[in-house]
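There are structures below to look over.
Next come two complexes, and both contain chain A; in the first it sits with chain B, in the second with chain C.
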Partner chain A sequence: MAPTVGLPRALLYYKYHAAWDAFFNHLGVETVTSENTSKKVLNIGLKASDSEICLPVKVFYGHALDLGEKCDYVFIPRIVQVEKGSFTCPKFLGLPDMIRAVDNPPEIISPTIDVRNGRHAIRDAALEVGRMFTDDEAKIVKAYKLAMKALRKHEKDLVKENIEKTPIEKLKSLIGGNEGNKEPVLRIGIAGHAYNIEDPYISLNLIQRLKDRGIEVVTPENVPMKKIKKAAKDAPKDLFWNYERDILGASYHWVKNKVVDGIIYVVAFPCGPDSTIQVFVEGYAKKEGPVPLMSIVIDEHSAEAGLVTRLEAFVDLLTESKLSAQGV
Partner chain B sequence: MDGYLGIDVGSVSTNLVVLDENEEVVAKIYRRTQGKPIEAVQAGLTELEDLLTEPVNVLGVGATGSARHLTGVVVGADAVRNEITAHAMAARHAQPDVRTVLEIGGQDSKVIVLQDGIPIDFAMNTVCAAGTGSFLDHQSSRLGIPIEEFGGIAMTAERGSQIAGRCGVFAESDMIHKQQVGHPTNEIVYGLCQALVRNYLNNLAKGKDILAPIVFQGGVAANEGMKRAFEEALEQEVTIPEHFNVMGAIGSALLAKRIMSRTDNTTHFKGFHSADFEYKTSSFGCAACANSCEIIQIAQEDGSEKGDVLARWGGRCDKWDLAPTSITQA
Partner chain C sequence: MAKPSERVITIPRMGTLQLMLEDMFARLDVKYIMPPPSTAKTLEVGVRHSPEFSCLPLKVTLGNFIEAIEAGADTCLMAGGCGPCRFGYYAQVQKEITKDLGYDVDWIVLEPPKKGFISFLRTFKKMAPHRSIRYIWRQVLISFEKARHYDSIEKRLLHNRAYELEVGASEKAYTEAIDILRPAVSKEEIAELAEVALKHMDESVAMDKTKDVLKVGIVGEFFMLLEPVVNFDIEKWLGERGVMVDRAVYTTDWIAPSLANQVGGLSKEEVSKYADKYLSHTVGGDGQQTIAHTVLYVEEGFDGIVHLMPFTCMPETIAKSILPKVSKDLDIPLLTLVVDEQTGKAGFITRLEAMLDMMWARRAAKAGHDDWIPAGAGTH
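Here is the complex of A and B:
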């Protein structure tokens, strides 16, 4: 039987799963992705993790431990540096050790991803993992190349090149209709880590709730990297966390070019990087926009009802303001 | 005359307003809900019509408050929106650059934070009486001073008596103590206003940036002593809008007007005498926590076994609140 490797559907899975799947599959290793986050998954995580740690890491524990029972290995890379000169959150460095420290830990595969280890750092990490399953180095290198290709394709597919303002004519046509309160499309940027905003359980289904209302949602991953980097130059100081740089750059881009009507920043609690970036983004949205920005802080006690009320109020008056301002 | 109707039905009070084309209030009603939202709305509509000096051709109706869905069906509303939306709308209409809305009613209180006219944060309290108007109501009956006179008396005080008031019960015994040791009544009255402001700011508004311009609304804003206490505590000016006690109704009328004026639709309004409404009231006990609330619900009588549930109230938390319409509707 082919060995199975579990991919916890949490944290950087949301960024890199395309690569991970492609890599293992080419090696003939079956991957098992954990189920969507649920109350059960969260409870496993809450029990096993330190109560002081951020919600996404607690959720990660849940996924990793749940998978441990279903697979031969759990894949938890130690991601230190993915871009020269910038770091990831320190939590990612410690992740494999944290999971190893639980009672009855699963078998973990944890290559170190650190671009300071030379030009071929990532390929070398791939080779290290591949050798566990095959002696055929050429095959591993091929798997690595396929993985990088899949990742680039995945990222490219997410990018929306030309997001522009909705023209007034379109707004007018959208509110016509006989349907009473038919409302126009707003475009809202959701800022935050992909593992928060794209996990429906953690984000209380934020994106879907907005989409159900006919609102167009954009996330940092939809913004081309070139624009992110350019906009991030406006930051008050150089950011040494690169995922957070992306969130900041995307938000700055939305504000500066006025391509969104509002921004919702989803912040995990407690998260040092998020709370720092949040302050920068809030300040920028006020000063350079103004683009209304609502921050939502999520922890394991976040309640749905309060969120829905806030969302409604935000969206209803955003709609009202937008139409009034444009004389519609 | 053309006009717009706004109705705010909460568990305690039911407010109705008529706005004219210029968005000015031409008539308003403030009455108790007394656990009977449908009756309150129907009676309120009749009273409201009596106040009108000329017949109003209603072009749009907005409903808000915890019984907004029910109200929407009973009267035929064109815009059903939650309280935060409605209050923020009214506040920014009264004061376009408002950043903070302080709202204290008889049994509930809220704080709303706005950026560029858009509500970005809020908190609501329906559980702790020490942060609502009922705190003052209670002490006023203890002191034997009508609540309406509180404001005037508070304004004559040079300072407020320091009343320990984290909770209504302690406040009461402390107040009696202050009376016994001879504190002047006006200082006690003002001290009570300060205690309510302290409770409000320390609990509800905790961790929120209270930025100017600040609008203070809700029934309790009738009390000038409260305005003074807020201004002293915040060291900022606080504005009270003219129609401070019916802001939810004004906001929902405004929303209805904006929505209707953008479309060619005609209103769903059933008229000032929409009595033909069949419904069924039932109740059940909630066992989800030690509070064991008695939940009352109203369903539309539509021939089916259960009907459409239009309103629920009686819970001390929001567990049984109905799923909001506006977020799912559009």
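Here is the complex of A and C:
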């Protein structure tokens, strides 16, 4: 039987899975992606991880250890810098070592992704991984190219170029569900890491809840990179965190160009980068908007009831201020 | 805001940093006000105005700045950073907060030299606008050298305290030794008086060097290690109970981690040599150092490790996730103490006492007695 590689459906999987799938596929390596986060997965994570670690990393432990039981290898790259000069979170720098420190750790594939390691840093990392499965270097390089292509396509598909150009009233017909209703259509920007806001279990289904109410939701990944980078220049200091730069840039962009009615900042407890960036985003939303902003802190004890109440209140607030702005 | 030449500068408090900067400011004719020593009130002020989930060092140093501004300082000098940990944004966050509080002060942020050596030097010139960069740099280097000696004297205190016959005698000698070195100006004077000061530490205190002492290494996040107000001065507590304490980092090691003559720190190569088996990449802050120092202390025959970290500290949480394995593999008692603004000293002391008992029991077991206790029993 061919060897299997497990891909934990957590953390940076949400950003890079298109590339990982394409890469292993072309090499003929079978991949197993872990199931959606569930109580079971979380419990495995809670048991194996340190109590002080942030929620998504606890969840990651759950996915990785669960896969360890089912696959030959678990794929946990050490993602250090994907853009020169800006880091990911410290947790991603230590992730493979953290998983290795548990009792009975799975066998881990952990290439280092650090663009400071030369012009071909990522290709070299791909070669290192590929050689575990084949001697055909040309095939690995091809797999790497396909992976990058898949990633770029995935990222492009997520971008919604024309968000700001869509007159908010026209949205009604686009998203439906609001016909005949006097309430204005709302658009809310969700600031936060993809692995938190896109994971329904971690985020208590936040995005779907909003959509069910006929609210349009946008996330940082919908904002074109050019606009993110431009808006991020307003930050009090050049951001040395890549993913947080994206969150901050997207939020600044939403505020500056008044393209959302409100922002919900989703922070996992205890997240170092977000707790820092949050200060800047909140200040900016207040001074440059003002755009109403609500922060939601999530941990393993977060309860649905609390979230629902706060969401209701926030949506009511946005609705009212929109109505009064429209002179209703 | 003040004219550049009339600035009154202040800095956050951290271990012996005051000593170094007092010396440097005097050399450069810079007016300054040191914040009053950190107290519970400093912490309270800092906590009240900080984002809830920021780490403790940010909160305490914000408290320092506010107290110093209230006392008349108009320019805050703060270190910067370029990742991956959030320390690099402290200054910006604190600036936003003080601005929101209505304080009209200037901020000088000292970014690390690797971000550009010239701009690093220019930052100093902001403090002493009428001096040449060359002159400033020379004085900074001399001040730094002096600070290395301050740190060595402190290290001697941590080692000697365990052997003193009269409680408090080493501490008194330490204060005197600092006063001996303080007036030194030239390089020659510094070298000469540092030697006198160290000798004073050894000779003015009655010690029983034959005493059986435990050896404990303290590792963790640098601010927690260097600032007694947040670590409840556990070094003193341990020392007075006959424990020889060694600390992973001293002020100057933190300021210049890669230079020679480290007092307690390790070079990059050494960190890698000792830590790689467990954590093979830097994780920002002092996370990898924590692992390296732990391994090294075991090699040096220490009896136990105390790991100090602020609540929510990212690099140390990573270290904390890995340390149980290190402790198990190397059979060394290890106690992680996580501090936040609600932490009380009493809880720490109970756990330290339990650890002391265990370390003595292990000593006895090694010497052939039978009350053996497994390593890891004190790990939390």
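Operating definition for what follows: the second predicted complex is superposed on the first by the 307 of 328 C-alpha atoms of A that agree within 3 Å, B and C clash if a C-alpha of one lies under 4 Å from a C-alpha of the other, contacts with A are read in each partner's own complex, and residues count from 1 in each chain.
Keep this in mind: a contact is a pair of C-beta atoms (placed from the backbone, for glycine too) under 8 Å apart; a residue touches a chain by one contact, two chains touch by 3 or more.
Note that this is a predicted model, so its numbers are computed, not measured.
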Touching partner for A:V279 - first (chain B), second (chain C), both, neither: second
Chain B versus chain C as contact partner of A:M98, first or second or both or neither: second
Contacts of A:P290 with chain B and chain C, given as first, second, both or neither: first
Touching partner for A:D212 - first (chain B), second (chain C), both, neither: first
First (chain B), second (chain C), both or neither touched by A:F87: second
Shared contact residues on chain A - chain B and chain C: none
Parts of chain A lying in touch with chain B, wherever the complex brings them together: 175-178, 180-183, 209, 212-214, 262, 286, 289-290, 292-295, 303, 305-306, 308-318, 320-321, 323-324, 328
Contacting residues of chain A [partner chain C, same complex]: 49-50, 52-53, 78, 80, 85-91, 93-94, 97-98, 101-102, 112, 236-237, 240-241, 267, 269-273, 275-276, 278-280, 283, 297
Chain A partner contacts - residues on chain C that touch it in the complex: 51-55, 82-86, 88-89, 92-93, 95-96, 100, 278-285, 287, 311-315, 317-318, 320-322, 324-325, 338
Touching residues (chain side chain B, partner chain A) in the complex: 78-79, 81-82, 84-85, 88-89, 92, 112, 115-122, 124, 255, 258-259, 262-265, 268, 318, 321, 323-324, 326-330
